[in-house]
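Going by the order they are written in, the chains are A, B and C; count residues from 1 in each one.
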């Protein structure tokens, strides 16, 4: 399992796709927002938590179609399916690798981009915490979407269509936590619900992903 | 004789051909009676005027939008457990009917909302939930269309339907939490037995709901028949191609 | 140790291609599968490897014993030869890759990125992967594609060494590998006929 994790991270770093592109996309989305809504700092500060969450979510979504497609094409998934490692575990590890190479950098970059968005000071901690709790759910749910569409040529758009509705609860509770943090309200309820969704998704989604991926391999 | 005998496509077709004519007549007549009664033979509401009459379309459509998804979920489970092709095809056939019902509920909701709330769209939890349901339908249908092998498509969409159901329910609660809405309470709370609409409105509404339900069943049955015939053609062509 | 395939019926795209395939493979034996294109060799091998469900019949003794290799090798262009092999060794709970490098003469290439190898060298690396799995049953689909004569000899020697050390091999190939322990199985007699299209997923629609 460790071998798979190390390999995936190494590939993401060497191919220059994982770390770099997602982050760059996140940056660009956040830079585009003031151009679209105006440079009014008060308005930006008000929408900052939500915009940062949407940006992180889209950056995460963008990297999903490479998550399994490359391993599908070169036969790695066939070989992993015949390996002693349970397929569910292999997929959990791949989700983890995706989170480390995509989700975690987004979490770390979010406060920096928060400055650009004039994010209220008291919100930084809550934003990072909500992203830290929420992005793992985005990765495992995304893995399910990638597993569904892996056999489809040009499945990227379909992948978005399938995954985005599944992201709704995570987005709502995540952004709500950050928004409440921004105005100094109590964040415990949405934060706990977010953590609950994340925990349940991490525990259960790999089974669904493995089931659909096995169907796609046959 | 077991119910599962109708899982055989040929038997299923024979049965559906026998019941469909009756069903069409019942579905169309009860929808017609419910709507005409509701539109022309009920008094205007004191506050909402005649706009309230849109509930005779809005409520039944919304009800069937959810029931159609629920039926797809049950059919998907039957497919995954018992591998009856008819079940998978019935789920596939129900989806477009469900998506149209959802769309009707959304559009009538907007038309109703305009004079009531002064705007075509509010991010009210119920409306928002239906919008999310609409997106789930679109994804489900798109996945069916995208995959060539029918058994693979059936398996994948069945799992998507199950996972989607869980997330749809989660979204419902999330949306509730996110924005308490303007939407009036449910028209027919089943659990309490009380009703928020008076009898004069309720009877035609009930007829209309039965009508929409039958309409959904008839359409789904009819479309399932079409899907079965399409599979049959494919199977026949495949066999021809081998000779 | 035995791999027993009994009355196996397999389908491709919902239509049965091979019906009632039966054979037994014992320790130290190899079986070469022959048959025209489209007969279902790949499907048969994938079914035996457990990647695909069968329509009928059983495969006994294959569970967690198979090392599968097909056209795509599961190699990453951005990883070196050593990294690729070490990864697969670790996935299969092994650690030593030197014997695999040696058997396929990859020692001099061990630090090269797999993406810079020639097609034949990549193929050798893909086959070297079999040695690091530690699995007794090799299931190989056209293993000699893009190999030159010398490499084919190298591969045949690796198979013989594997058989002599108690392994088995099931190989779909058209060339003569010159392996003494190998017997041939022509799949043509097993081609599924329409009237024996039992259990086809579309059968109930007919």
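Keep in mind that, in the parts below, a contact is a pair of C-beta atoms (placed from the backbone, for glycine too) under 8 Å apart; a residue touches a chain by one contact, two chains touch by 3 or more.
Only a predicted model underlies this, so the values are computations on that prediction, with no experimental measurement involved.
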Check: Using CA atom means as chain centres, which chain is nearest the centre of all the protein shown?
Finding: A
Next item on the list: Work out the mean Cα position per chain and let me know which chain is farthest from chain C.
Entry: B
Notebook entry, point to check: At what distance in angstrom does the C-alpha mean of chain C lie from that of chain B?
Noted result: 48
Check: Centre to centre, by mean C-alpha position, how many angstrom separate chain A and chain C?
Finding: 37
Notebook entry, point to check: Using mean CA coordinates as chain centres, what's the chain A-chain B distance in Å?
Noted result: 32
Next item on the list: Would you pick out the residues of chain A that each touch at least 2 other chains?
Entry: 218
Margin query: Residues touching two or more other chains, restricted to chain B: which are they?
Written below: none
Next item on the list: State the interface residues of chain C toward chain A in the complex, per the touch definition above.
Entry: 46, 49-53, 64, 66-68, 70-76, 78-79, 83, 86-88, 90-93, 129
Note to self: Considering only the defined contacts, which chain B positions touch chain A in the complex?
What the structure shows: 132, 135-136, 138-139, 142-143, 146-147, 152, 155-156, 159-160, 162-164, 167-168, 170-171, 173-175, 177-178
Check: Mind pulling up the chain C residues that touch chain B in the complex?
Finding: 13-15, 194, 197, 200-206
Next item on the list: Name, in rising order, each residue of chain A that touches chain B in their complex.
Entry: 144, 148-149, 151-152, 155, 158, 161-162, 164-166, 168-169, 172-173, 176, 189-190, 193, 197, 205, 208, 211-212, 215-216, 218
Next item on the list: Would you pull the chain A residues touching chain C in the complex into a rising list?
Entry: 2-4, 7, 10-11, 14-15, 71, 73-76, 78-85, 217-218
